[in-house]
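Below you'll find a set of structures to go through.
In what follows, chain A forms one complex with chain B and a second complex with chain C.
Take a look at the complex of A and B:
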């Protein structure tokens, strides 16, 4: 194991002592380096494999540096933009849904989020492309793909926001209010910071989901690495399929790795 | 291989009918042997690929053979992607294959070294595998470029050459919707553009099913298969491939040589039926299934009856 988990012994001050188990993960340099090195090796291996194959005209067209670079960039945009929208929608929604005044329609909102994830993304993309959802009239392509991805990935972030805010000890909130902090102040200074680790875990899940699901965008002219995979499948060319699939996996692992670092950095001190 | 009672009855009725009309049946040299239907006592299995057209063709064949006295196993009519393997391993006796598929996918040739007589070349080469190809039907289920009929009329487009000229003059309107396979194959878009010396202004990559709905909306031109029933329902016009770029995909019944040697009557029964299967006819049959929700079985019966193949 390259990760060292260190129990924090100095729980001197009262608010921290009142909280659920506290631990801090400090990763060693080696553990930070492992994933990028591993992924670089995978890419190098893929390059070596492909370059030793005898490539036909179809492979040569589908596997140019240009096509692959474009596909990777499109894929990052799809996953990135959709996750930004997921965060902008799901976290405020999660906050609102944990406030007492929303109790009456909380169920409906959660059901909607569940439907978003339950509906198969490929079906939703097709519906968007067909203009069946008349009220959202979007052009086929990037916008439609983003809508499909956002609908699919809202649930994990929303759920984690609700759980993260819900697990904050009632006594701390009471103490905060007792000290004269406003409702909004309690939310901003106590609840949200304490919920950040769980919310971030949800965002990380959403990111990885989006990298995977974005491969389906190839079917509606939104490009991405999916178009390489689909090209390989429809022309029965293993080398193309392998390239698309391995690059998607590498991208997902890389983004998960970066999100992990972001988690370490963004986690409030002392948690 | 459980034969359903229904099928047995049908076969019996077919045999009885064949007896009644035996005056019309040709005298087969070394045929089925019985003096009733030409295929009395024959037990045959007809396979199909997993899409509508192949299943319709299989139904037509199965019913025609049953009509001639054969007992046809219904279990394989629902279609599968591994039908060629099934034929080679004698799990089925026959299915409809396309000449282009035979040349490229089965025999492993390139699309560039196309023989003059594709059917002849494929049939001859496949003999080595013990597979016989009956003469192909006129229907040709190949790639095609389609446009909205109104758009075609407005700009007087009838051939792909017309389209090439149109795109040269109206660069912004040369958008094409196509599925991934067409965009990547040598005998798809790359070769098409070279042959006709044109370049579509924008390529929109879609799932094949979405091409039909986006034609006229996202793009003016679309890749389709020439006998697809949705050409009818979406009121599309197929542009003629005047430079004969696309590989011919004529349908032909393929069967093991053994089966054909045992029941040579199959070739005679299928010849007139195959001849009647033109692009228009098969497109209409596909449309009846895909658009009107009829079963392949009913559509096949209707076709055989209308053309007098079911006496």
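Take a look at the complex of A and C:
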């Protein structure tokens, strides 16, 4: 094999200037900084507002750094763990559902996923809490909440996995198969990488849904920022409600922001 | 074509048969007719065999059955003497280069990674793969240091097509399948890529099955052409010359279209035909001698040559009268439509049509005069080709006769 072949003049190659950039310009530093700064300002505003109020004993008890920190951490756990399960269930399911041999029962699976999202979460949570009470006695609230959240958020990831795999150019797959890459190899090395941007968009949606829906977990004693809101509602204290609600919104926006960055980083080059 | 087996066997078969399709068929469920109906075809080693036919004739299906992207429902595929009809398709495909019209480069991989796909599957070591990538990029006229780490999106259509060819060659397969590889490229780039590909093929001598619907591309690219009818039935399987000069039936004649004679002009070169005689004079000759030369011939004008026999001027009798007393290179018209012997008759015809005197002057590499191509010599060439082809077609019906190239027929 010779590598010392003379440099052949490259006929008809487009001038370098005409080359399209590999990918769109990443976000500018300004747009990267906007969201964290905005969220920090919102938190500071909330802190100022709360600290200038006359707080009663109920508020003082409900709004300690400890309680809030605990609630935020529980909330992140609820959203994070449920999203991990969603990914573990929905992506393999999406892969299976795009294989030719599942064509006959594809419709049924999608209907099930749709039901998961259509059933009101709060009802599902209550049912799960009751049902789960029977045979598990540790972490009743948490486990039940996770199951409810997963059922609710499977659909966007499943749908995006199916769409993402479906939009891969048939010709690219044929070229891959035609070169002798195995079916599994084509899936792993070509289909999945090319579907990553769309699948990630689904995961991001699921994550944001889960952060929002996890507030309902407070009703089955699973903690989270919802418990602050619920405490505010039951004691009729506006400051507590406001704190819980604002923190939930801030957390949702922050996680969406981080997921957006993850999307940028994980998207394969060249797309 | 009275003997069906003769139709499917190359009329002139040099060397061994690389791919043999035996009674190959593809019947899709719920379709009334098979897409490919009992096709038998032999493809000789080192040749470009073109499958050409109208849309829906089954040519692509036929090609895709060779690497079993489409599984045949009947018949056998023999590759290099080995029955691969039931072989592991992945292993089989690594030995067969595959180029499709849409190219199908992997967009998330660099050019180098795209080309490295098959060598990696074949388990080559990294050094060998790297060397191969550079070699192939140079083969397809793309500077490795510039293009190795680019992504497909950053290339033009023609460059992508080149990378597609390089990728198909990466595992050094003996056989390549090409499905309208130049179909989606603008006509100018296509022409250039076709020429480059022919030059490349002259070096690598792969056995190539090439599908197209464009008869002009088939004539240009093919060593042999199989013209297919519905159900992938062979209407004619022969060299481009034979197909153009002696179409086997009305279907073939229709498919070639009206321009058959013109297309044939692309296949023969000026050096292959009988050049016409023309009156010539030397630059220093006096006018009286020129007049005499002109009178002695039936042509109205003579070609003036210098000492090296290079064409200098066309002169006619009226030119001589008007320019009495002046040197021969100051009267008449400058010579135009000058062609070299390796030009195709099509080139020559093109030149002579636009020339003032409707003739093309043939010169050798040093520019010295060889003869003249006029419309009569082209006519004569076409007539000869036609008679030759008819004669050969008749011989083709007999057995065991050697053709004019001295190759033994099967």
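Note that the second predicted complex is superposed on the first by the 239 of 271 C-alpha atoms of A that agree within 3 Å, B and C clash if a C-alpha of one lies under 4 Å from a C-alpha of the other, contacts with A are read in each partner's own complex, and residues count from 1 in each chain.
Note that a residue touches a chain if its C-beta (ideal position, glycine included) is under 8 Å from a C-beta of that chain, and two chains touch if they have at least 3 such contacts.
Everything numeric here is computed off the predicted structure, so don't read it as measured data.
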Inset, instruction - State whether A:169 touches chain B only (first), chain C only (second), both chains, or neither. - result: second
Inset, instruction - Look at A:269 in the shared chain and tell me whether it touches chain B only, chain C only, both, or neither; answer first, second, both or neither. - result: second
Legend entry - First, second, both or neither for A:58, with chain B first and chain C second: first
Inset, instruction - Would you check which partner chain A:235 touches, where first means chain B only, second means chain C only, and both and neither mean what they say? - result: first
Inset, instruction - Decide which partner touches more residues of chain A, taking chain B and chain C as the two options. - result: C
Inset, instruction - Classify the contacts of A:193 with the two partner chains as first (chain B alone), second (chain C alone), both, or neither. - result: second
Legend entry - Contact set on chain B toward chain A in their complex: 179-181, 183-186, 190, 204-207, 209-210, 213-214, 218
Inset, instruction - Within their complex, state which residues of chain A touch chain B. - result: 57-58, 61-62, 126, 129-130, 139-141, 218-221, 223, 227, 230-231, 233-235
Legend entry - chain A residues within the chain C interface of the complex: 1-3, 5-14, 18-22, 169, 171-182, 190, 193-194, 268-271
Inset, instruction - Please name which positions on chain C make contact with chain A in the complex. - result: 67, 69, 89-95, 98, 100, 102-110, 117-118, 121, 128, 131-132, 134-135, 138-139, 141-143, 146, 150-156, 158-159, 167, 177, 189, 192, 196
